[in-house]
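Each structure below is given as structure tokens.
What follows is chain A paired twice: with chain B in the first complex and chain C in the second.
And now, the complex of A and B:
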């Protein structure tokens, strides 16, 4: 089963875009549910992204890439 | 982290920059671990450092910049909130709020977080007689954002946030931080940030006239006696989401 990890839709108002500031795990790594996997910055706010479930993570958006609300930044294969 | 208590008048802590950043992180941890719903810390650096998010470490020229700044007496430290380099020194007072927010609440978003810190700050300034304090950007200022506390359009307080999941549930912990230059000349701090910019070969330069220090707006202000009122306003401001 493939599960998407996305930037939350309701984190901020308006159409401002954010940026992936860091991946805390490598592409292809096995992660556990609740593991901190990435940080997104928007409006000078760092937002921590967790793995919603356990599985193998595939990075979709690389560090320093721009992301909009709801953007899929990785997938998890469980 | 120091929650507000009867010892409010002594709530401004003097810490090294490293200790202050660690205290902020401890407050965030306390909320994330479910040990607290609300934390407030006010601290003033005993030493100085240029503080920035860790992603700047990836910048080409960073090792050289770190060396240059260290030789000028400004070691580089990393912080958990977003933004770009900010000088921390004894002329700066930091105020950090950590709140537990319910997910799904329409109030729990970034803009709300900035108003939660910035609106009481503007009200405090108004009570001190500053008639033109508001939230907004200050073009030309270092670490500019849409939610600086400004006086006459100049940046007095830089603000930033960090969001982290509360352990074992869907609630989020919000850390929102403000750094206010309370004394000295903004030009000196702008010069340090520009020195970093120059060393990493970034052409952007910042302008002293985009900043203001509290004592420029309110000469003779006794911060020790007035700061507790700011902290009370931050505690009392509406309900949490």
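And now, the complex of A and C:
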């Protein structure tokens, strides 16, 4: 089963775009539900993105790429 | 656990900011004498992210936001350390050292000596260095040489998160004052320019990296590139470019300026016969000159070419992006320095 990891709609206030500053796991790594996987920066504030469930992670949006709320940044194969 | 090599067994990666916070949290759990003081280190988690999560876990008594008076809170930390506590204080930008240098180099660095060893000053002064994001001449300097020049304190400069966690743990446990200088471009904060190579796998368990040991982070036999902090990443990129031209570059990450691991540098240059030092601190009277002198004055020194340095020009750091980028060391400049060296020899 493939699950998308999207930027949560309520991660920050307003509709400002953000940028992925760091992936904290490697592409193709096995992650557990709740693991911190990425950081997104919006106007000098950093927000954390966690794995919604366990599985093998495939990165869709690389570091330094611009993301909006709802953007799919990775997929999980479980 | 003490180690000098990065292990890639874990899949979890950390930024240097997170690695510093994790080491600090682990030491605070283990030792009630450890506490943190500085500007915006509390609920904000540090402007460079390196105290994130500490306030929530340990509260306002052990993670203390201070007024904007570096003289007062660094002086207070020296007193606390001399009285048995183990403070970690943050000088937000190293450029601000001017107002608090008496507390740093006349008190922190010298009290152990002045007391004949009766007073220990086990504190960590962490401070951000470096530019590249147009923050101008009072927020972009490295000043490695300034601090390493003055006796009485250890000075460390990590280039990646594995070393940052291990060096932070070692610094907190050290009975001497340790200046922990972290480059802003390595923190994983987007607006400061993110160097991806600094975010590496980091073990969750506590470990230390010995202060005073350099690391050969890439082996080679044609030239030794010596650097620290973000410069290590410039060197690794330069080494890749040189490899495509058929040259093999060795890269030495100093990791610690005091004590300085001259043996590792000399041993590497003994193998390659060529030396280029890369430093974002000012060209003159600094780290680059010290490394070259350490090699040249050694009796066993046999250089195939005159050594070179790629360092910051002796000018105030420009605000204008094109001017700042012109002045900063980068991989292209390292490659150019090697080409010139080969033409001259």
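Here is the rule we use: the second predicted complex is superposed on the first by the 76 of 78 C-alpha atoms of A that agree within 3 Å, B and C clash if a C-alpha of one lies under 4 Å from a C-alpha of the other, contacts with A are read in each partner's own complex, and residues count from 1 in each chain.
In this text, contacts are C-beta pairs under 8 Å (C-beta built on N, C-alpha and C of every residue); 3 or more make two chains touch, one makes a residue touch a chain.
The model shown is predicted, which means the values in this text are computed figures rather than measured ones.
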Thinking of the overlay built on chain A, is A:13 touched by chain B (first), by chain C (second), by both, or by neither? first
Contacts of A:22 with chain B and chain C, given as first, second, both or neither: both
Taking the superposition as given, does A:44 touch the first partner, chain B, the second, chain C, both, or neither? both
Tell me which partner A:30 touches in the superposition: chain B (first), chain C (second), both or neither. second
Dual-contact residues of chain A, meaning touching chain B and chain C, are 21-22, 41, 44, 46, 63-64
Under the definition above, what is the set of chain B residues touching chain A in their complex? 53-55, 58, 80-83, 104, 106, 108-111, 113-114, 143, 145-147, 159-165
Touch list for chain A against partner chain C, complex: 19, 21-26, 29-31, 35, 39, 41, 44, 46, 63-64
Which residues, counting only chain C, touch chain A once they are in their complex? 11-15, 18, 49, 188-191, 194, 196, 199
Which part of chain A faces chain B closely enough to touch in the complex? 10-13, 21-22, 34, 41-48, 50, 63-64
